Amino acid sequence: MIKAAIVGGTGYTGVELLRLLANHPDVELKVITSRSEAGTAVADMFPNLRGQVDLKFSEPDPAKLAECDVAFYATPHGVAMEGARALLEAGVRVVDLGADFRIQDIPVWEQWYGMSHTTPDLVKEAVYGLPEVNRDAIKDARLIACPGCYPTATQLGYLPLIENGLIDSRRLIVDAKSGVSGAGRKASVGTLMCEASESMKAYAVPGHRHQPEISERLSLVAGHKVGLTFVPHLTPMIRGIHATLYSTITGDVGDLQTLYEERYADEPFVDVMQPGSHPETRSVKGGNVCRIAIHRPQGGDTLVVLSVIDNLVKGASGQAIQNMNLMFGLNERAGLNIVPLMP
Amino acid sequence: MIKAAIVGGTGYTGVELLRLLANHPDVELKVITSRSEAGTAVADMFPNLRGQVDLKFSEPDPAKLAECDVAFYATPHGVAMEGARALLEAGVRVVDLGADFRIQDIPVWEQWYGMSHTTPDLVKEAVYGLPEVNRDAIKDARLIACPGCYPTATQLGYLPLIENGLIDSRRLIVDAKSGVSGAGRKASVGTLMCEASESMKAYAVPGHRHQPEISERLSLVAGHKVGLTFVPHLTPMIRGIHATLYSTITGDVGDLQTLYEERYADEPFVDVMQPGSHPETRSVKGGNVCRIAIHRPQGGDTLVVLSVIDNLVKGASGQAIQNMNLMFGLNERAGLNIVPLMP
Amino acid sequence: MIKAAIVGGTGYTGVELLRLLANHPDVELKVITSRSEAGTAVADMFPNLRGQVDLKFSEPDPAKLAECDVAFYATPHGVAMEGARALLEAGVRVVDLGADFRIQDIPVWEQWYGMSHTTPDLVKEAVYGLPEVNRDAIKDARLIACPGCYPTATQLGYLPLIENGLIDSRRLIVDAKSGVSGAGRKASVGTLMCEASESMKAYAVPGHRHQPEISERLSLVAGHKVGLTFVPHLTPMIRGIHATLYSTITGDVGDLQTLYEERYADEPFVDVMQPGSHPETRSVKGGNVCRIAIHRPQGGDTLVVLSVIDNLVKGASGQAIQNMNLMFGLNERAGLNIVPLMP
Amino acid sequence: MIKAAIVGGTGYTGVELLRLLANHPDVELKVITSRSEAGTAVADMFPNLRGQVDLKFSEPDPAKLAECDVAFYATPHGVAMEGARALLEAGVRVVDLGADFRIQDIPVWEQWYGMSHTTPDLVKEAVYGLPEVNRDAIKDARLIACPGCYPTATQLGYLPLIENGLIDSRRLIVDAKSGVSGAGRKASVGTLMCEASESMKAYAVPGHRHQPEISERLSLVAGHKVGLTFVPHLTPMIRGIHATLYSTITGDVGDLQTLYEERYADEPFVDVMQPGSHPETRSVKGGNVCRIAIHRPQGGDTLVVLSVIDNLVKGASGQAIQNMNLMFGLNERAGLNIVPLMP
């Protein structure tokens, strides 16, 4: 059994890791830390876990963490970069669900996240944990930077087009819609039910932190710097991301449906839907899967790719476990064979 | 592997059976019938099942059903009573999620369900599938009448009080709140999102079919006819029942918390919460569990028991599988060890 | 034109006063105070008011308030009792939407609100602003204590029964369901959309501040101390209260429908619905009305009264304006002739 | 007083007309027709109207309609084109909230709406009821084609850019999100609360009827055929449209904020928000207003315009009344001076 720790377990990605690890056949959860909740039983804070998780939050203790095989950081940015080195040196694999190691370009990271990066060498070492692109590197990695939620849905949607140079990658437009859980479990007026339900709005149109992450990663795939307009929207639902991806073809693109199906034929967690489909976010609620449909409205030169994930699963905690499975040579599906909850 | 069939699989209890059986370690789903959708792939109708269930709806075919070990009826009332006998005679166990065998008093059933009952002898044979009351009888049963959703939450909440004669059972008041999925997956104006969301209303106050069911069952426990006012409410959420149970004590009731904890100590799917708790329906969303809290406001003689379930799981499909597990000598928890989805 | 001030206008009752006063034909809003938002344009905080309200929040300034004819306190408890006397002495009428003057029994108030009351004499003077009971006193009042939201729905539902001594008033049971706006516009984890939507729960079952308020008022009506179990529930919707009121008849009650219709025949804001009705909270959304239906399930001795209001309108800001209309001799309906928004 | 009729009043645009006309100072509602509900009191079907509208649905009767000054068609397409001529000949002004007269290109209309158009001459006569473009023509019109909901939000957002030739109008991308009320008040599985809430999906990506309408209208403005990709999404809320409009600038565009502010300076129902704003659909809920914000992310050449309306008000019934006000020489704001409901 792999011994696992969660650092910072009181947010939504934390409780989602708990849900998924509680039934993982190869993992034993040993430690979950929280400064503010140390001593509280996890199941008292998250009653869905009553009878399933019998653990208390504890103060972060480097010695205890060092006894684990893997540590998940479910923390705000800035925390993992402080703690990761000691764990790595103690032989603990680290999977960061936060943003600390997602962007290779350190000045860009520092600009968007508003702080100095203290461990640039670890950024260099970190493997970007999108298995559909980096599976082999993940298997050998000590340190994983889990992709952001929007970047996961966006990259999986665009990859086949950009890998094959079929679209004008200087003019990508990503119109993304996220459920409110993406804003995290912290007291704030803006995500109160009275403020966020029964309404839709765009936010961060002038600039969002996931834009440079997507941009850097797709540029690596394209072989040149892509141009990307990214507009996120707050949607009145708890879970789910719906990314609507626009692009312009540059020539004959052939059979896109087949292209996508072949690209993802061996991927356990990417589902290319039938032609004409409109994936719903609820079809992935609670499951570690990205469903994709490809449209070319009226045969024109604008493509529309629809890509949906559960932001807390394939967009965060599920993907983190998928990465862990790969790092430890487990079945990639272990603990992730979940049927989404519908209705 | 137990070979299972679902009769009438296009409603919400049907898709929920599919979700739960897809990961059941001891069951192989062989047949799912639907007259209207025969030929359609299940995963085309319910895309959450893509990659998990590879089966098509088929016309109901007695011969094919007879090859199974167990058949679940997820049908409107009136269907199971027509089909059950042939299956039972063919050696198939039958678990009815509908109402056909729930009420022993045939005239009462006929009055509330508006039709003649064609198989009263089967009603007599049927075991009422509330394992917390009838576990032994269920193990030996050929035919199970799964309790209604409201009756499940209500009975589990009242049982310890009534079994011990602690309350005035002639004046029970059940104020129950249900999510909209209780109304089923059929086109109707009243459960459109624009009609049912952002609103709360009582319904069927003059009389609801679950009232005689609860009444008959609690009367059996009490040893005399109970008096029960039952007021259901339509609540703007998809899943969940919250039953608020009022009663008046008739004397010294002792330590109710201990009473409840001892009553349910060995029950795998009943969770007696700590004193002072307020169970939320979301804490059971997707899970086969009933969470209960007992209150005696300001030490008065009115008791308030709070009892929550997911109407589609412990209130329907999960309980059906729990019954099946018992009938076939499986681990009662098999396939039901699900962590509720929160948030 | 009546010159009006709002003290503490950044909460939901504040913005609702703004919405209603913006179109009131006889009122000019002169001042709206907020310590934290002084200098901010009201329409910047509440964009629904853009183009309708051209006012900025200002620091509370006694001199400016004293120039008004009426001041609405839309503040947490403890604020109005500090400020009211000076305003009253300056000839300003005061309408408190908070709890400071609602309960005549000072020790009871102090126990439930956790502070000493500094102006018990004003409590004595204050008129409880339920026009359906106190219309004449309101007309002459200088100081109004607006009822709480739950107490409004509850009292209007019970009044005809208790006024006529038809029920056992020692065993009243109020099962009340409120939308989340009742919890106010303050950052808190419990009312985040991810926590409060798609779930139902009871809260404060051991004791809620509106219990003593209802109890005191209904006791006045009954002529003796009533016994009341009050269980509020948090419901996943923004606006609305649905009170389900249980009681036991003590003898022949006659024609209850007629009783209610006659009791409220001249009330502009109470709507007795047809026999058999189930009022929906959405039918009063945004409107200053209480809709009521009376049921006697299966002719038994338990009565069920259903009473719905919009907690922010008839349960707060609308009722406050109704009181103001009465105090200033205006048409009671002025500014309140609003059609609820449906769907 | 203007005598008004509503033809087909049982849908959401019908009840919204009723809400708005109930308080219109210059209109008396005389007739509301419905074949299926003839004889039913309007307030029995829509209890929000109890006490406000005292009218029954009646069979459509040409003679009675002919006695009115104006008739609103709140019907599915195909109805108004059959009834309009007789009314016009009787001197009744006709405002069609449906699609029958929206598209001048008859073959295009017939292709998208799947039927033959029986009154092409009336299409020619009809004035497209977007006051911000056609105010003068509306004043003189006998027959108004009210714009669709998406087309309203989209055109108001794009107009200043296209009128001034600032963008590449061959590559417009409209990503639009609509609340569920856009689908109407008819029994259907897809818009049940259990299907449509807690989920987001695109629909009709291969082609939607509002695409040719927008395209034809914007082409008129541009002076050449525009190219438009239009992707609508079903959003889990009741009311509201959020249109996110993408375009590429073709040169120096100057100060866009000023451009928009000047373009709409005299418009009573278009609100250009401050730079950097993100309009929320809830800020227009129930109100006849379109709020717009203009963004140029990171100074690039892609513009993002955010445009929100209430689909039932500025997107349908409110705009219909605005048109009526213009046709009859009333104050354009009459009956429409509504503060949106927030929260």
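All chains are identified by letter, namely A, B, C and D, in their written order; residue positions are counted from 1 within each chain.
Definition applied: contacts are C-beta pairs under 8 Å (C-beta built on N, C-alpha and C of every residue); 3 or more make two chains touch, one makes a residue touch a chain.
A quick map from chain label to UniProt name: A, B, C, D = N-acetyl-gamma-glutamyl-phosphate reductase.
Nothing here was measured: the structure is a model prediction, and the numbers come from that model.
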| item | value |
| --- | --- |
| Both-way neighbours, i.e. chains that touch chain D and touch chain A | B, C |
| Comparison of C-D and B-C by number of C-beta pairs in contact, larger one | B-C |
| Distance from chain D to chain C - Cα centre to Cα centre, in angstrom | 36 |
| Distance from chain D to chain B - Cα centre to Cα centre, in angstrom | 45 |
| Between chain B and chain C, centroid-to-centroid distance (C-alpha), Å | 39 |
| Contacts with 2+ other chains: residues of chain B | 12, 181, 185, 194-195, 197-198, 236, 238-239, 279-280, 282-283, 285, 343 |
| For the chain A and chain C complex, residues of the former touching the latter | 12, 180-181, 185-189, 191-198, 236, 238 |
| Chain A partner contacts - residues on chain D that touch it in the complex | 171, 173, 175, 177, 179, 194-195, 197-203, 205-207, 227, 229-231, 233, 235-240, 242, 244, 246, 248, 276, 278-283, 285, 295, 297-298, 300, 302, 304, 306, 308, 343 |
| Complex interface listing, chain D residues touching chain C | 12, 15, 18-19, 22-23, 46-52, 181, 185, 198, 238-239, 271, 273, 279-280, 282-287, 289, 291, 337-343 |
